[in-house]
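The structure appears right after this line, and notes come after that.
Note that the chains take the letters A, B, C and D in the order they are written out, and that residue 1 is the start of every chain.
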Amino acid sequence: MSDMLALGRSVLDSQPFSRLVGAELVVFEPGRAEISLAVADHHRQQHGFVHGGVLAYLADNALTYAGGSLLGDCLTAEFKINYLRPARGDRLLARAKVASGGKRLAACTCEIVSVTPDGETVVAIAQGTIARVDGEKG
Amino acid sequence: MSDMLALGRSVLDSQPFSRLVGAELVVFEPGRAEISLAVADHHRQQHGFVHGGVLAYLADNALTYAGGSLLGDCLTAEFKINYLRPARGDRLLARAKVASGGKRLAACTCEIVSVTPDGETVVAIAQGTIARVDGEKG
Amino acid sequence: MSDMLALGRSVLDSQPFSRLVGAELVVFEPGRAEISLAVADHHRQQHGFVHGGVLAYLADNALTYAGGSLLGDCLTAEFKINYLRPARGDRLLARAKVASGGKRLAACTCEIVSVTPDGETVVAIAQGTIARVDGEKG
Amino acid sequence: MSDMLALGRSVLDSQPFSRLVGAELVVFEPGRAEISLAVADHHRQQHGFVHGGVLAYLADNALTYAGGSLLGDCLTAEFKINYLRPARGDRLLARAKVASGGKRLAACTCEIVSVTPDGETVVAIAQGTIARVDGEKG
């Protein structure tokens, strides 16, 4: 495991809510990040699909990691998510990458796919703005 | 409690993820909904503030309830959230209302406030589009 | 007219596209801005309503002015708009205000109303993120 | 020229605001659309770059065409745009495609590139929701 991924994982592990949800950081490289979730019953809504709030959490976190790969310590200023299809399957992957990055801001996109024996299906797309934390202090 | 609020609560209670997070529906009336969350340690990120994913979950759910108060069985097509300030305090309230509603679509807005002994502070704002479920079947 | 409004108008007047559209800055104060448009035939789409692109232009510009009232020289990092109703009437007003502002970023909201003899109707709502220009240089 | 592209162009030509801006529909196929703009001085803002409102107009229109290629007569329910870089160059292309489409709603994405002698640069990205017009009548 790269030092960067190990660092990213230690940050995720220090987030109580991420531990509650059970997310795992599987890729953390300059310009991109991928978070994996093994879907369990407590992630679902009333129709048995993964709750939209879980997808929103994954998008928020993956976007922030992608931006953070460039900016360092950062926060999500905002994001937007479109839900495309019900999320079925046993695993979700949130793949985010940097679309443009400056010294203090990065615009990132994220695709969330559900993984089934038949392959991958895109279930949500998101885009958001990540800001370096000290960018707001100075 | 009104029949409408009781119905809304039974739906929320049938969402395993909402039970995991611990959200409570406190207002559900034609055109608006409010979800309350007693903040606990497992809602936090690494700096001790409420995780952005929790706020996104609250916005998603409150927007959907507001839209659903008009449309009936529905889903969130999309939403966007801006994070304004770190969420401190022991309680969060996500207040959503319908900005415009037709027979199949509603545009809704949501404000998330954190409640402290000193009063309320707006920590995030969201707006989104809710679609009636059968609107996509016909 | 305040010095601030006069300055804001001179900036708008230095934007060739704003002159083409015909927008007028009518309020520019700390934390808020309002842009007015006298609707003409060249603002319409094929059904006779104001084109969504005109509303998007108004939202973009009003959000930027609101943010700029706080940040100084700035640019729109992103925004999102929900179209609520067809825009009729002879005048549109885009009213934007700051929801939260730091030294380098501001989150702003905007409401676009159409003005008819019967009163005002909200035709679109937007929210966006404004960044100080030098925030991206340092 | 395909019948579909000819039809799409006739619609664009019936939009007075699109004629004012000078947009041209260059691709209109099932699932995607592309709008081209020859940049002129009246498209600029005060620093000489293309005005954000022009980019927002292009995104709005390209997203609607992409959705309309699937849904028929439709309108933009909402969209979000991130501005990535200043738009330079003599030509802009707004390329939109359908990410998911049902009978009444489509989620679409759009990339706007500026074309210079050195190649293409992505200057903005957008995603939005398109709704069939009669979807709101029934």
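The rule is short, and it goes like this: a residue touches a chain if its C-beta (ideal position, glycine included) is under 8 Å from a C-beta of that chain, and two chains touch if they have at least 3 such contacts.
Quantities reported herein were computed from a predicted structural model and do not represent experimental measurements.
**Q** Based on mean C-alpha positions, I'd like to know which chain lies farthest from chain D.
**A** Relative to chain D, the chain with the farthest C-alpha centre is B.
**Q** Contact counts by the stated rule: is the higher one at A-D or A-B?
**A** If we tally the C-beta pairs in contact for A-D and A-B, the bigger total goes to A-B.
**Q** Could you put a whole-Å number on the gap between the CA centroids of chain B and chain D?
**A** Result: the chain centres lie 32 Å from each other.
**Q** In whole angstrom, how far does the Cα centroid of chain A sit from the Cα centroid of chain D?
**A** The answer is 28 Å.
**Q** Using mean CA coordinates as chain centres, what's the chain A-chain B distance in Å?
**A** Using C-alpha averages as centres, the distance is 20 Å.
**Q** List, in ascending order, every residue of chain C touching at least 2 other chains.
**A** In chain C, 77-78, 80, 82, 107, 129 touch at least two other chains.
**Q** For chain B, which residues count as touching chain D in their complex?
**A** 77-78, 80, 102-105, 107, 129, 131, 135-138
**Q** Once bound in the complex, which stretches of chain C touch chain D?
**A** Its residues touching chain D are 11, 14-21, 41-46, 50-54, 56-61, 64, 75-83.
**Q** Within the complex, which stretch of chain B touches chain C?
**A** Where chain B meets chain C, its residues are 80, 82, 84-85, 99-100, 107, 109, 122, 125, 127-129.
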